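Once you scroll down, you'll see the structures, which are given as structure tokens.
The two complexes that follow have chain A in common; it is paired with chain B in the first and with chain C in the second.
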Partner chain A sequence: MELLVCIKQVPDDSVSVSLGADGAPKLDEIAPVVNAFDTYALEMAARFKEAHGGSVTVLTIGGDATVPALRSCLSVGADHAYKLAEESVCDTQGIAYLLSKASAKAGEQPFDVIFCGSESTDASSGQVGAQLAEILGIPVVTNVLAVEPREGGVTLKQETEEGYRVVEAPCPCVVTIVKPNYEPRYPSIKSKMAARKMPIGDLTAAGVEADAAQFGPEAAKVRRVAISAPPQRQSGVKIQEKEAAEAVRRAMEMLAGQKLI
Partner chain B sequence: MAYLINPEDQDLLDSVREFCEKEIKEQCKEYDVSGEWPAEIYAKAAELGYNGLEVPEEYGGLGLERITVAAIMEEFAKADAGFVTTITASNLALKAVLIGGNEEQKQRCCDLLMEGNHGAFCLTEPMAGSDAGNSKTTAVRDGDEYVLNGRKCFITNGGVASFYVVTAMTDKSQGVKGMSAFLVEAGTPGLSTGNHENKMGIRTSNTCDVVLEDCRVPASALMGAEGEGYKIAMKTLDMSRTWVGCGAVGIAQRAIDEAVAYGKQRVTFGKPILKNQGLQFMIADMEIRVETARQMVAHALKLMDAGLPYARESAIAKCYAGDIAVQNALDAIQILGGYGYSREYPVEKLLRDAKIFQIYEGTNQIQRMVIGKSVIGKF
Partner chain C sequence: MNYQTLTPDLIQQLSAIAPGRVFTNGDINEDYTHDEMPIYGKAMPEAVVEAASTEEIAAVMKLCNEHCIPVTPRGAGTGLVGGAVAIHGGVLLVTTRMNKILNYDMENFTVTVQPGVLLNTLAEDASSKGLLYPPDPGEKFATLGGNVSTNAGGMRAVKYGCTRDYVKAMTVVLPTGEVVKLGSSVSKTSSGYSLLNLMIGSEGTLGIITELTLKLIPQPKETISLIIPYPDMESCIATVPSFFMHHLNPQALEFMGKDIVISSEAYVGKQVFPRKIDGVEAEAYLLVTFDGNDADELDAVIERASEVVLEAGAIDVLVADTPALKRDAWAARSSFLEAIMADTKLLDECDVVVPVTQIAKFLVYVDSLEESVGLKVRSFGHAGDGNLHIYCCSNDLEEDEFKARAEKFMEAVYIKATELGGQVSGEHGIGHGKVPFLAESVGEVNMRLMENIKKVFDPNLILNPGKVCYKL
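Let's look at the complex of A and B:
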């Protein structure tokens, strides 16, 4: 099967982000990485390919800054990588539209299964996969833990609150991936070096016949009005009475005062 | 300041660092206590090609620059010095084969390392450490074979290697000129290994006796000609010492990293301890030492790259880096105070690990003899 994995480059989510004086997140010193959920998607696609054949193409919306992320994907199982540089796109609907157009031009299309991370670790909107499926007019299965081939389609394990349910979908379809019970592989020295020499395809909005009215600022259905840091946690109350009985009495008073008991 | 590596190789270093952080650093704490050889970690590392970093391109290697390999080795050493010792010891055996072996032997060992196997260099004996010429192991020619007998000790990777470079006397009357080197594969009848040493440090590396009892090897196992074994061994050590220095630099750097991280958050008398100039000066001295050692390693590697003599510089790199690794570990313990002395914190391990770097692959006294003689010359 031919597999497409849509990836996003995000600031390293193990580093805490603060806001600068201009109110924007300070990201200059935070290393960009491939969104964790997308790495799960890529690993799942790579394992699927290794077990059942086919190829894996990765695709991202972004300029030259995304090259390290794409190279990193090429070193852990992707066969082809494409980027579509378009700065005017500003909401998930626009991104999904561009991905839908690019998916018809990138790699070994037509794709049988399009993998997306279930969400990104920066904006966490969790919408792109579903919107992409809507635009392409194909089924979407969200929160997927495993994918197996079946005649004419795929069998999927979909995560639920209690465990998982098994669903089937015809191909082509979009799947959004959550963390399975394994970790993405590490690149080997050899695969890292080989990835340097692999081509990265350049796409443009015009080249994929995307209509600017569908993805530009005017088309945006969602607009970001502000970013704020989460409120600092208030420091707790210290009970420093010398006698235990007195300390307990104080604590009970405070709990009662807050109507907690 | 780290090694100045080719910017393209930075991504290799990043992925190695990630592996070290996630798969080695914490896991090795447990193995440091148990003394067990962490086969699972080494298997993962082998899959990623970490055993073959020094395999030359013409024998199927990746053609990495020496300085890039040094930067990677430093990452290994920062995570766990036993780990880097294992990798370096395989490369030590490889160097001997590349220096003294024929094409077939070179290709065989390179293939074994690229496939993720380990190698062992067997020179040391119970009564022949620094005095390698006092070797008692013998190799007697018998038709198309040699018969090896003797006992090698303190052999890194002894119990886990796929190939062994073994030195043995083919003509005792000739002294060191009667020593020869042989390439022996694991599983050869007559080659066995003793108990894994219960060591003070580098406890994630395997160290044991390698015993040769009527071990028959084909005559083609001889590396070079009879009598060239000592020369091959000394050339090998000249080269590998730089790499030992590289490992020591990693320990010394980890000592700084741990001391700084602790000193920023440990508050005494109302302020973090690193606000005190006395401790800032300690950190500065640690940094001066580690950077000097690192650049000495880099310089020795540069001489190798340029095809220039490097034996003295390699000895300086090993000797100095070994000494300062111990000093930096001691200073890190001092900065962490009572916690530094506790096994709950990582720095006491650094001291136990660092100590061997003043001992193995030529004690630092031997290094000083090499350096001194090279400066003074014959007179």
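Let's look at the complex of A and C:
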């Protein structure tokens, strides 16, 4: 199957972000990384390809600053990478629109499954996958933990509040990925060196025949009006005992040690 | 020694020195009775004083010296050899309230701190200013006063050296209550005995550090870590000298066996290290970090390093080149001690240091003791500087039997380390847990010199009695 993984470059989510005097997040000193949910999506797509054949293409909206992220993807299972540089896009609907247009031009064959992270670790809107499917007029399955091929489509394990649900969807479809029970792989030195030499396809809004009226500031349906910092959390202690009884015993000990009980 | 016990009158005087911060009897937090290695026993001090200033500490020492009351200095209590445990009672003098970063000198690359500042706090604060405090002991929540008192080393010692190399000056309260300043911000000195260096690593037996001026360096812009799996420990360790022969200059170079990696990953809940690569089982790993200021140069370094290790028998080389991958790779390494403790009822540890070229031979010997002594052995360590952390563990034995076997194990380990040109401790110190082994290792004359130095600083032997060189 032909698999597309849409990725977003975000600030390293392990670094706490502060707001500048202008009220905007201060991101200059924070390393850009591939959104964690997108790395899970890529790992799932790479495993799918290794088990069932096909190829994996990664696609992002962004300029040259996204090249390290795309090379990183090429070193851990992606076969092809594309970026579409377009600075005027400013809401998820516009991003989804550009991705829909770019997905038709990236790669030689139509994609069977389009993987998106369930959300990004910066804006956390969780909208792009669903909006992309809407624009393309294809099914979307959200919160997916596993993908398996079936005749004419895929079988998906979906995470729900209560547990899991197994669903089927025809191809092409969009799936949004949550954290599976494995970690994204590390690149080997060989795959990293090979990724350095692989081409990265350049797309433009005009080149993919995108209508500026559909993605520019004028088209934006959602506008950010303010950002505020969350209240500071008090520091705590993590109890890591495996057994519940042992964890309770440890908690009691700590409380007693602090003369709280 | 004929130490005096604290009378109500003396406790009152202590309370006048540190109002509201003197604790006795049931008000003493149980955590103050031990450090992180409980096998060396617990001890309840008669009073805990949570000091807030040099002046308070000086007043406490003067009072205790006059009345021959033992005083045990303590930071965060993360030691592993009983160094901060009040084994002779008296006053436990805690410095954790003295936790302020006082000022940075951005022109001379120094920072002045109180002794209770945590390593992690300084590391993060310095990093936010584009600076690096190079010493990087595994326990990030130890105090800097404790780090200096044990000359703590850590992962980056292979490139940047130990804590000693970053101490420029300090304020110290002597056991008599006198306050002295040692060292200065100058770059070189030939001005008499280096009392500064004598104080570093003296484990709170010669004086109590109340202020520190530490050296910083510009933070390297780039770091990359490599996870290097090997089919066996021998080829893993045998690679280590190659890094230096090829001028690769790693920032950190750690070795670890498969078992401890599996335990630690289960503890942190994340599998990072590969178990099998192209059908070959990984039995041992090197975890290496390189740093620099240019990404392309660093890429060239890791390529050369990869050639070297693959040539030497590594199965593969995995690259941690994003913050998340680096964090995950090092999270497992940083949790080894906690993982061992979570899995083990009884354990004892040694942190011997041997010449890098002798690590393999030493580890083969240590592993052979597992059967002859009858204790489970777990080991890992700083391959780049020969500092090994070796644990003997048991979940089945009674404590007395465990202690007897552990003593036999430790004796054998230290004898072998000495024979190979090693030393008793690379970075944890001697405390009271390792005094006999130090005596055996350095010999009678060296011990006598140390004891006499101790007496010069502390004529009444009240400061941290029974530690390092003085078995009371």
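Operating definition for what follows: the second predicted complex is superposed on the first by the 230 of 261 C-alpha atoms of A that agree within 3 Å, B and C clash if a C-alpha of one lies under 4 Å from a C-alpha of the other, contacts with A are read in each partner's own complex, and residues count from 1 in each chain.
The rule is short, and it goes like this: a contact is a pair of C-beta atoms (placed from the backbone, for glycine too) under 8 Å apart; a residue touches a chain by one contact, two chains touch by 3 or more.
Everything numeric in this text was worked out from a predicted model, so none of it was measured.
Contacts of A:S188 after superposition: both chain B and chain C are touched.
With both structures placed on the common chain, the touch criterion links A:D12 to chain C but leaves chain B unconnected.
By the touch criterion stated above, A:S228 is placed in contact with neither chain B nor chain C.
Comparing chain C and chain B on the residues of chain A they touch gives the larger count to C. By the touch criterion defined above, A:Q258 reaches chain C but does not reach chain B. Counting contacts as defined above, chain A residues 72, 75, 186-189, 192-193, 196 meet chain B in one complex and chain C in the other. Only residues 8, 11-12, 15-16, 18-19, 23, 44, 47-50, 53, 62, 64 of chain B touch chain A when the two sit together in their complex. Residues 68, 71-72, 75, 186-190, 192-193, 196 of chain A are the ones that touch chain B when the two sit in their complex. Residues 27, 29-31, 226-227, 267, 270-272, 274, 299, 302-303, 306, 316-325, 327-329, 338, 342 of chain C are the ones that touch chain A when the two sit in their complex.
Chain contact summary for the complex, chain A toward chain C: residues 12, 14-15, 31, 33-34, 36, 39, 72, 75, 182-183, 186-189, 192-193, 196, 240-242, 256-259.
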